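Below, chain A partners chain B and then partners chain C, in two separate complexes.
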Partner chain A sequence: MIDFIPGVSTTASALTAERIRMDVISQNIANANTTRTPSGQPYQRQQVTFETVLGQQDQADSASGSQPRLIKVARIQSDSRPPRMIYSPGHPDANAQGMVAMPDINTYEEMADLITSSRTYEANLAVIHTGRSMTMQTLAIGRRS
Partner chain B sequence: MIDALFSQPDYVAAKKMLDATVLRQEAIASNLANLETPNYQRIDVAPSFSNELREAVANGDTEKINDLQPRLEVDANAVAANRDGNTVQLETELMNLQQNFLQHGVETNFITQDLLRLRSAIQGQPQ
Partner chain C sequence: MNPLTAIGGSLNPQNLAMYAAKAQSMATGAADKVVPSGDLGAVQLPVDSPTVGGTGATDSSFASLLHDAVQEVSGKQAAATAAVNGLLSGQNVSLHQAMIAMEEASVSFQLMIEVRNKMLEGYQEIMRMQL
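Up next is the complex of A and B:
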């Protein structure tokens, strides 16, 4: 199948990747105070890693110069930073010293990431809009304006 | 015989430029998609294409214009703005996007006008 809109598969992969990133960020913010996960440990901040991949039909002719690259989420990994210890003896998850291990999630950091992610999403939407207008212009070739 | 109508250097060159514009759109899509991928190198239409096209148009060499193929290559002049090694800059890329769109409009218009002129020549009456 021909891509009618130039670059649409690349942009679609970027929108999916940014969507996943936003999901992970909202999960981090939602769990900023979660002291117990199914494993019994406090919640660990999750982070996405992006990587580029060659599109399927591109792999065949990749010898003829550089090809547009798709993007995908390589993995979602836990941040290794240690939990914050907070003194709260009444807390059900407090240890013998009355300290509770809280996830070390900085809401400001997450919000900044969220804004970056949403700006990238918008930039990719702009590409789709422009690509669509270009296709309409191409279809109008030979018509009297 | 009819081929002669469509093999004027200007018309063939406009078609090639249209190919290059669509290819650049794909390059920009790729660059913006990988805006935050570490170590991604931005790609663009090879600068040699426009030089060769200009030269071929100046010589009026239709054969050579026809043989030219625009291709993408890594932009060697781009430098990474920060430490993640990514050479894409959002603002520049969005500017390129708009510029490329306008260029596409100019090229499609040019081709349309060429075809309409041919038609009015064939019909022998003003439009």
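Up next is the complex of A and C:
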């Protein structure tokens, strides 16, 4: 199909990627105090890495050799930081020494990531808006008066 | 928001297909009236010798061109409807994908309107011609 809004496929993939990133950040914030996961370990901070993939070759653009580059979440990996040990003997997950392993999640850091993600999302939306208004102005070429 | 978005969103593909059929019959009729011996489909068709480009009339006639364009617009509308349905029924469609599909449908519909305006303009120009 024809791409009416310029660059929309790349931008759409970026929006999807940012949504996944936001999901992961919200998961980190929500689990900041989780001491037990299905594996029995404290929650590990998750991190998103993006990668560029080549999109479908557009037939109209094949002469110029331009190929849309899409953003994709390469993987969601666990942070390697060791857990914080907190002394709390009454905690059900405390070890023999009375220490509880808490996930090493800094809420401020997560909030900063969240704002970065939100701003990136906004920037991509601005690209779509600009592309749309460019298209609409182009369509106005044919209009008289 | 552009009011045309609302129009583009609420139109359903069945209607558009009907319009396409109607437009096709109108276009063939109009072509017959205006240039009875010529073929509007060939782009660099000389008016004097209709035999040069007149052989492939069924493939690239003006009517089929128009039909294809309307089909494309209709396809965009159907894609937008499918995206919104997928979003609302909880399938793996995100909000921005649905919005982009609707926006593309709106833009292509707008393009179709512009083409319609241009065609009408040309038709009226011909009808005003003094013979």
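One rule holds in what follows: the second predicted complex is superposed on the first by the 133 of 145 C-alpha atoms of A that agree within 3 Å, B and C clash if a C-alpha of one lies under 4 Å from a C-alpha of the other, contacts with A are read in each partner's own complex, and residues count from 1 in each chain.
FYI, a contact is a pair of C-beta atoms (placed from the backbone, for glycine too) under 8 Å apart; a residue touches a chain by one contact, two chains touch by 3 or more.
Source: prediction; values computed, not measured.
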Three-chain arrangement built on chain A, chain B and chain C clash or fit: fit
First (chain B), second (chain C), both or neither touched by A:R132: second
Of chain B and chain C, the chain that contacts the larger number of chain A residues: B
Touched partner set for A:F4, first chain B, second chain C, both or neither: second
Chain B versus chain C as contact partner of A:G142, first or second or both or neither: both
Touching partner for A:A30 - first (chain B), second (chain C), both, neither: neither
First, second, both or neither for A:I86, with chain B first and chain C second: neither
Touching partner for A:A112 - first (chain B), second (chain C), both, neither: neither
Which of chain B and chain C A:T16 touches, first, second, both or neither: second
Partner chain(s) touched by A:L54 [first = chain B, second = chain C, both, neither]: neither
Minimum C-alpha spacing, chains overlaid - chain B and chain C, in Å: 9
Those residues of chain A which chain B touches in one complex and chain C touches in the other: 8, 142-144
In the complex, chain C residues that touch chain A: 2, 72, 75-76, 79, 94, 96-97, 100, 103-104, 107-108, 110-111, 114, 117-118, 121
Touch list for chain A against partner chain C, complex: 1-2, 4-5, 8, 12, 15-16, 19, 128, 132, 135-136, 139, 142-144
Chain B contact footprint on chain A (complex, rising order): 6-8, 10-11, 13-14, 17, 50-52, 64-71, 116, 119-120, 123-124, 126-127, 130-131, 133-134, 137-138, 140-145
Interfacial residue positions of chain B with respect to chain A in the complex: 18, 21-23, 25-30, 32-38, 40, 43, 46, 71-74, 90, 93-94, 97-98, 100-101, 104-105, 108, 111-112, 115-116, 127
